[in-house]
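One structure is given below, represented as structure tokens, and several questions about it will come after.
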């Protein structure tokens, strides 16, 4: 298998660290550079003692980010940067012929207007939005293989889109009235020195935030609208819970066809099961739970798997779908590596199991 | 103030322990007896070292439960027992003239049929259902003062009913389409030796359970139906999160009157604010958050307060209400003591602040 | 009982917050002022939503610290400030006739040289070291009653000194070879925005720090030396563990008199039990555990109690003493309030149970 | 590389689960059977949803333990059973020609008398104690390669022996006066339905236990005595802390040669560094931390690495050594797989990085 040289810009945050971990153990990717303003000059072993037993832990050293240099060193560059900043690096890297896999929100939207509405500043490179592909392999596998600019999806969006898109495409649920209630581990807030994310502020605490207009709504609704073929507006409430990693999303959906008898319910259940089987039975990283099992973040943390279960409620007529994923893996860095595998012609699961 | 002698049946579980704590420090209640099958014969200090500095920690001893004896010793008896078992003690205690405050589900419903539907066995004392009062002081204050049998509400129901009942009564929200998404600390499962609630099974884990028909739905819907004057069916999804205590509920509600302009939204917001102010501004244990604050369980744990905040979402037309409480205090033992205060003619906040 | 007006300088940190909580519920102290640079201008309810149900939560407002003004408003001023900064406020406040209870390290040592050795700067007011009293009531009760400047002990020192001083004074253990291994909750690090104390850095982590020369050694050794009547040097290893509150200290001590038979061991055990009983049987805030119980931080968190247990090990000849306390209560703010009670002539337990 | 068929007896506990995980991903071991009384009849996917995406998750099914059958199916059998029970399976399996890797305490001691002293019953197969090898590869690598019965070390012993044995062998520390203070995650208690290990009993709690004579002392002291060439008795205090995984041990050691000047200290430091380098510089699973780093369980959890750091204290003359490991990996299942690799002639790190 042909190897590729990869680099990470912004490698000292939580997503960056997870990328480092995945790429150090990847069979075909060679990690050649890592940048970090704060950590520049230090070795991998110094910044992350957990990697100190890896053969490259002394030789790999964090450097100041420099797009020109990176373009020479690497075939593929991952950007694990705040939105707005990522675009600054993406533009010269793409111009220099690098493939860019961006973990920020900068290239996830097709509409620069929606970007401005949700992110409160003009999009820095609207022309690139046409070139970028939304890096959700289960939905855009073929496009990802051909792309030079991958916009890796957000953690919340992944947990919402994977359960919802197949149902919308199959016309099994209404595109209106969708509610997503999500619970996220604290690593989702990033490795930022802020009082709100101190141990004592998060431990023995649960709280909603960003109600009612969280930024991730923009990409969720754009993708759902593509799937539904109509404008979709959803309700989304994120909550912060005291775990390091993991997102648990509970979706409240309305079946397109009302059911009132046990027979109608069984018929609908059959269609939903068939829809999910068609969509995901052969997907290596989506797991439809059988029997009485319900998703639990502890079953997916540390893996690139998104776990799903669903229930029809005969009392309310609703369909409840629950998903669990690791926000740093399937919700960020694992998914980005899955895209790397696709565009490199490697097995999709390389370095991810 | 005239004192009362109180006893606790089932005092070694989490609600029982919290009752012990509250009653040991209560200015007018005298804790005269505590029962526990497992702990019988041991002193309070032996079973709960945390109370060992209290003057009564050596003299108070757990005993085997005996209704006849309890009826002689105590004026008021708290039952902190599993459902089904509680009724066995309530019947003779009431017959003997005791006031009973039951923390189980046994007397919360008015309908014995609904009880059987949700609890899978016949109600043990259907005639007592007429006498019992649902012990939610903010709704049934006057009835509680006169009652001999208080059915203290469940933890989830309290977190759902307090935010919802005033809005339903005022006709501000539709009685249909209500969704309650709740997150509970592990103490809600009780002090039971089950693998599912071991530290390593709950820590770094988040999971839904009891989907879609949790038992607490029965009392929630009965109370909401009383408030709405019509049959209410809701969607309810409980989740287990790794905190000891606390429930956070997010409610998705549909305003009765659709709003489409900023003016209509402001008008509706004014009505909601007025409705909550009328209901709770003078309540000692309900706190409507002002400004940008959202509920956080860490602000209510250890107190009898239920904290509320709400937001209208102009994008979806929905009203989102969020509540936080301590499941063992306002969701169980604190609320039961609040009822004790009411029926004893003591200040409602005695022993609770 | 005569009331006193009290103020808190630095009221927005963890110790400050705990002081606010204790003083708001204190029967004889009236909290008249709270200062905080970051929170100045905001009400108590805004900064700490958990106190929003208190009658003073709207009227009490954080202000910029101003010693002159504080001296007019308050009889007693608590300083919950970093070391070095505390002295700046203590000097004018004492000059103005206020009683100062300082929770920092600034006045805990009698020796300005040792201060400089451990804190790496000259002591800002060496003449005040003669006036200050080390605020450990179980040891310096009478001195505290007369003092105008109380140096409230550190959290680690309290957990080490209470178990050790009586044994040293009684000559039951050697003053050499003492080892203290301590585990502290994260609130001990203060409410500081530092990456090291983020939730994800502390959760699922345990780590030693400050090895081998932690600053608290200075006051521990000075106090142990006073008790032993000879220079004491100890080994002390603090560890950070993922709990909000609580310190658990395990002490490795060598009995003065070697024991080799079961009889000798029983005799020594009798002396140790008698020593602790003489020292603490009547202390409201020290609890000697009986039987097989060992200290557990969950039994003391939220209280002003320090819990102790001890074991003689016939295999090694050592005495193992274990203590547990809440680092923010008996290890900081509760102890400071205990001192307030003493110097005000109030019951020592006022506001603390 | 020649593959081997392996089986796990007692595969539904925490060590068993970790073995399953490691062996499912092992390049040369083929997991052919898993037994569990409670889980018999269920598939791997049903019992551990986290493995449900593995190709074998449906075909692998838990069975009742049957030594005769296992002996036919497997070349190597891991026993993840309580002590006392393990021996029952080991005897027939060894008789049938299987290699046995036992994770219990049954074959760790050479002395049946010491076993009886610490485990309170007669050793079930004293003749096998001569054949067994203590499965600590860094110390007994060559013996492990030849052995048919590996006694995989306990989690606490591993964290104490690895830092201590090289120093004892080199005569750098005294064999007397050793103190080991250890902190363990809750998985060390096993997947047992006991109230003491419920989430709410462990979360926000820290406590010592098994003071002063924990069972692991027997194997620790036996191994230390072998290394020292003299009888070693140590002080050992285990504590339970609220993390799922990880052991942090702090060792208090006395250098054989007293140092009093900076030069003597530097000389001793040089010898210690050289000793550890000679012992571990080429070991793949022991990491000596450089610079200011101290061990942190979060850097080793999920890996087979034991991390070490040490400090000389010029104030007390002691050597402090701190170690961190994952109690379920290097402290149990990972170490057992390391032994499997050695005795199978595979690379020692196979399946462990």
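To keep things simple, chains are lettered A, B, C and D as they appear, and every chain counts its residues starting from 1.
What we mean here is this: contacts are C-beta pairs under 8 Å (C-beta built on N, C-alpha and C of every residue); 3 or more make two chains touch, one makes a residue touch a chain.
Given the structure is predicted, the values throughout are model-derived calculations rather than measurements.
Note on interfaces A-C and C-D: more C-beta pairs are in contact across C-D.
When every chain is reduced to the mean of its CA atoms, the largest separation from subunit A belongs to C. Here the spacing of subunit B and subunit C, counted between their Cα centres, is 37 Å.
Our note on geometry: subunit C versus subunit D, Cα centroid distance of 39 Å, whole angstroms. Between subunit A and subunit C, the centres computed from C-alpha atoms are 46 Å apart. Within subunit C, the positions touching two or more other chains are listed as 201, 203-204, 242-244, 296, 298.
On the side of subunit A, the complex with subunit C involves touching residues 14, 185-187, 191-195, 197-204, 242-244. Here subunit D touches subunit A in the complex through residues 25, 45-46, 48-50, 52-53, 204, 284-285, 287, 289-291, 293, 296, 298-300, 302-303, 305, 307, 353, going by the rule given at the top. Across the interface of their complex, subunit C is touched by residues 179, 181, 183, 201, 203-209, 211-213, 233-235, 237, 239, 241-246, 248, 250, 252, 294-298, 301, 311-313, 315-316, 318, 320, 322, 324 of subunit D.
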